[in-house]
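Next up, some structures in structure tokens.
Presented sequentially are two complexes of subunit A, the first with subunit B as partner and the second with subunit C.
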Partner chain A sequence: MNKKILTATLFYLAIVLIIIPILFPFVWMLMSSFKTQVDIISWPPRFVFTPVMRNYDRVFVEQDFLHYMKNSIIVSVVAVMCSLALGLPAAYSIARYKQKKLSVFILVARLMPGISFLMPWYIVFSRMRLMDSYIALILSHMLIALPLVVWVMSPYFDAVPRELEEAGMVDGLTQQSAFLKILLPLSGPGVVTATTLSFIFSWNNFMFSQVLSQQKTRTLPIAVYNFLSYVEVDWGAVMAAAVVIMAPAIVLTMFFQKYVIKGLTTGAVKG
Partner chain B sequence: MEKTHYRWMLVPTLLFLVLFIYVPVVRGGVMAFQHYNLFDLSTLRFNGVGNFISVITDKHISFAQILLNTAVWLIGSLTFQFILGFALALLLRKPFAGRGLYTAFVFYGWALSGFAIGLTWAWLFNGQAGLVNDLLIRLGVLDQPIGFLSNPRLAMMSVIIPNIWYGVPFFGIMLLAALQSVPNELYEAATLDGAATVRKFISVTVPYVKPTIVSTILLRTMWIVNFPDLIYAMTNGGPVNRTNILATQMINKVFKEYDYGQGSAIAVIIMLLLFVYAVLYLRIVEDSKEELL
Partner chain C sequence: MIRQGFVEKNLRILFPLPAVIFVVILMVFPVGYTFFLSFTDWTLTSGRPLQVVALKSYLQVLKEPRFVQALGRTFYFTFAAVLVEMVLGTALALVLHRNFVGKGLMKTLLLLPLVATPVAIGIVFNLFYDPTIGILNYTLSVLGLPQSGWVSDAATVMPSLIIVDIWQWTPMITIIVLAGLAGLSSEPYESAMVDGANSRQVLVRITLPMLMPTILTAVILRAIDALKTYDIIYSMTRGGPGYASENLNVLAFKYSFEYFRMGQSAVMLVFLFIIVMAFSLLVMRLRRIFEL
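Let's turn to the complex of A and B:
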């Protein structure tokens, strides 16, 4: 019996020790974002201090981060919606017709190093005078979202018995409306998963926006990158900016935790 | 007739990917054999393997150094991501009070922006007022603060650590799901046969989750090699190219030198290396191939 208690104690000690290095960088970032210029550079670092909003003021008032946040939201939301419109029927087709070769074709597309196709993109879009337009950015972010939607959704569609659609088609539905009215509502959790995951990966993307956006359409991470070069030493403001980038993704994963974890495991690797 | 109905639904996606990924990749491949400098387009011409030669024999930046950096970055990150992720998954396999919430917190890192994580760790490793310095001085490891990111001998380690931190959740999530799908009967049977814990791990657990291990390692390799965001945020390839990997060097060629030809040549090299790696890797672990495709 004593051995059991000892094992349990060691186990809980282990999980407490493990969580510290995992959570601490985030906690320290959050703390730093509320420090004054003096507190932030004090040595040794201060754990107790009077929190101030100064860094967030800098980020939102002086740097107009709301504008970049709006850009990020527009690009991610539209890219995800367009990807669902294209990707859901594609996933359905792969699930029903077992087109494994084609799904590999889609996976390979996802694994291409981004910058290898971004150079031609840059040249074509600047020739079409579409640089610094939302169109170029949304199309590029669809390259992240679309393969994800297809990979996450096809196992979900696969799991719905074919008989259900066939019954609907006997009742006079066309195949397309059977898909829309019967299959899609049954795959609700899958759609939530695909939407959340592709939104997060699009939101976090750095490279595409770095190449294809300029002042007007700059997304959040790029805005921070540019802001970085002229406030080099103002770590408080940089940490506030990092918090602003991370916050939406954290809120989403906390809300949709169950779906997201399942999606990462079922959809991300296997077809 | 029915098959054609299903098929057309795939067409828009395929067209999109062909048009926006495959065509540009081929165009980039062609560019690798062209002299293509954005600042001086009048010199645009085919120059054979000239770009590859320029990249490999670059006098300012040793290509061997970049390859070595890429290998260290990959192997260092991947090994520890895998070991720690697997250990975490094993620890979390059995139910305990608060496991759901705990799992959520342990694995939250995957959802964060790599660039923002890079900024956070750059601040932690800061040479003047960074917390890591403070911690190491308190522990008696250091006498005074050091510049982790500016010291050529420490810089690579200092970008690999955040990358491990960032990648552990991916392995953890995948392996935890695989572990939870191991049928309990297998463990019971092994227990009846008198197998000890270690024996059960080697004979039951590992073979069962092997396909997940194989595919996750392959996918993570591609990710790590093509993931410059962290390095970009922390060191930008420096100091003296010690953290400059193929992916960051490609970006430098494009953004600093505007040399699209040489940039594309590096992209082709990366894709070739990854292709060879994938083929060799899958051949070595032959029996798992079915599972991945």
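Let's turn to the complex of A and C:
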């Protein structure tokens, strides 16, 4: 019995040792976002301090982060929705007709270095006067989201028994309406997985937005990065900005933990 | 006979068509254009029209020490980061593969680094790494160890960046290996129990070999992303100090969007493209071998 307690204690000790390094950067970021500059640059580092809201004021009032947040939301939401519109039928077709080559073709977009298309986009979008436009940004983010949708959804559709659609088709539905009215409603969890993952990856994207957006369409990751270009880094404000930008992805992950795991492990694990 | 409409008859073409057209326009054409540009000496700011110069840009790039170093650094970063992530990630998964109170919460915590915005993570680590106010140098001084310049010192910048990658992506391996462990069949374990194997033998002879396909796929997928690392490096050091942390992606970015030497940048992109594609072919080959 004693040995059992000892093993359990050791195990939870190990868990704590794993959790601390994972969580510490988030905790420190959150703490620093409520510190004054004096508290942040103090030596030794302060764990106890009087929290202030000044950094968040700076982020939202002086820097107009709401504007960048709006941009990030527009770009990510529209890119994900368009990717679902293109990706779901493609994933269905790949699953039903075993279109292996097609699936590889679309998945290559997930593996390729983004910068090898970013440079030509930059040239073409500037010629078309589409720099700093939502459309250029959304198109670029769709290339992140679309392969994820196909990657997650084609095995998912593959696992749904064909009989379900066929039953609907016997009742007079066309195959496309059987897909829309029978298969899609049954695929809620898969769609949630694809949506969550592609939203997060689009939300976090730095390089595409860095090149294709300027003041009007600037997204959050660029806005946070630009904070650093001041002569003296205002660490508190930067940390508050980091909290603001990470919050949505973290909240989504907490809500949809199971789906995110499912999405991340698709393709690497059998079944 | 069920009468089929036009859409139904051609569903297998019509359904994927929009996605295919999209990928052709936004990926295939641009990549082709990049290949074409690599045979020119085009510089956007010079005002000269683009000239096809065959392999001249290739020679210039191959002679450029910054390129050769960035190429080596790309492999160094990927190899070091992914090796540690593989060992640490698998070890964590083996520790966590049991039922315990708070397992769901633990999995959520593991996901946090993966979904955190890399740029923001880079900035937070810059605060840790700051030589004068950073908590890491403070910890070293408390322990009586010599302090480090971390990302501000050319000698330590790469390991410091690799640590950030390890922090962010080790959980990815853990999550995938955990899923792999959950899917292992129990039969080999039962016969091992009957044969009286000890837990180390079970781990080395049964668990790890059965997990190999999962681990390998996870590692190669991770390596493909590590080869393309950009966000963390650019946001933390912009490739500095000097050029000490430039990898291929960062260098090509600077050539494209800071120096506007499109021809030479295209050459670098071709190299990066070929390396990444080679790894991708490897992952596809493996998937076929293991029927994943």
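Side notes on the structure shown:
The rule is simple: the second predicted complex is superposed on the first by the 264 of 271 C-alpha atoms of A that agree within 3 Å, B and C clash if a C-alpha of one lies under 4 Å from a C-alpha of the other, contacts with A are read in each partner's own complex, and residues count from 1 in each chain.
Definition applied: a residue touches a chain if its C-beta (ideal position, glycine included) is under 8 Å from a C-beta of that chain, and two chains touch if they have at least 3 such contacts.
Remember, it's a predicted structure, so these values are computed and weren't measured experimentally.
For the composite obtained by superposing both complexes on subunit A, the positions of subunit B and subunit C are in clash. Of the two partner chains placed around the shared chain by superposition, subunit B and subunit C are both touched by A:Ile40. Look at A:Pro185: by the touch rule set out above, it reaches neither subunit B nor subunit C. Once the two complexes are laid over each other on the shared chain, residue contacts for A:Pro161 go to neither subunit B nor subunit C. Shared contact residues of subunit A with subunit B and subunit C: 11, 14-15, 18-19, 21-23, 25-26, 28-29, 32, 40-45, 86-87, 89-90, 92-94, 96-97, 99, 102, 104-106, 109, 111-121, 123-124, 139-140, 142-143, 146, 150, 175, 200, 203-204, 206-207, 221, 224-225, 228, 235, 238-239, 241-242, 245-246, 249-250, 252-254, 257, 260-261, 264-265, 268-271.
Chain contact summary for the complex, subunit A toward subunit B: residues 11, 14-15, 18-19, 21-23, 25-26, 28-29, 32, 40-45, 86-87, 89-90, 92-94, 96-97, 99-100, 102, 104-106, 109, 111-121, 123-124, 139-140, 142-143, 146-147, 150, 175, 200, 203-204, 206-207, 221, 224-225, 228, 235, 238-239, 241-242, 245-246, 249-250, 252-254, 257, 260-261, 264-266, 268-271. Only residues 11-12, 14-15, 18-19, 21-23, 25-26, 28-29, 32, 40-45, 85-87, 89-90, 92-94, 96-97, 99, 102, 104-106, 108-109, 111-124, 139-140, 142-143, 146, 150, 169, 174-176, 200, 203-204, 206-207, 211, 220-221, 224-225, 228, 235, 238-239, 241-242, 245-246, 249-250, 252-254, 257, 260-261, 264-265, 267-271 of subunit A touch subunit C when the two sit together in their complex. Interface residues of subunit C facing subunit A in the complex, by the touch rule stated above, are 2, 5, 7-8, 11-12, 15-16, 18-20, 22-23, 26-27, 29-31, 33-34, 37, 44, 92, 95-96, 100, 102, 104, 106-121, 123-125, 127-128, 132-133, 135, 138, 142, 167, 171-172, 175-176, 179-180, 183, 213-214, 217-218, 221, 224, 227-228, 230-231, 234-235, 249, 252-253, 256-257, 262, 265-266, 269-270, 272-273, 276-277, 279-280, 283-284, 287, 290-292.
Every residue of subunit B that touches subunit A in the complex is listed here, in rising order: 2-3, 5-10, 12-14, 16-17, 20-25, 27-28, 31, 88, 91, 96, 102-117, 119-121, 123-124, 126, 128-131, 134, 137, 145, 165, 170, 173-174, 177-178, 212, 215-216, 219, 222, 225-226, 228-229, 232-233, 247, 250-251, 254, 260, 263-264, 267-268, 270-271, 274, 291-293.
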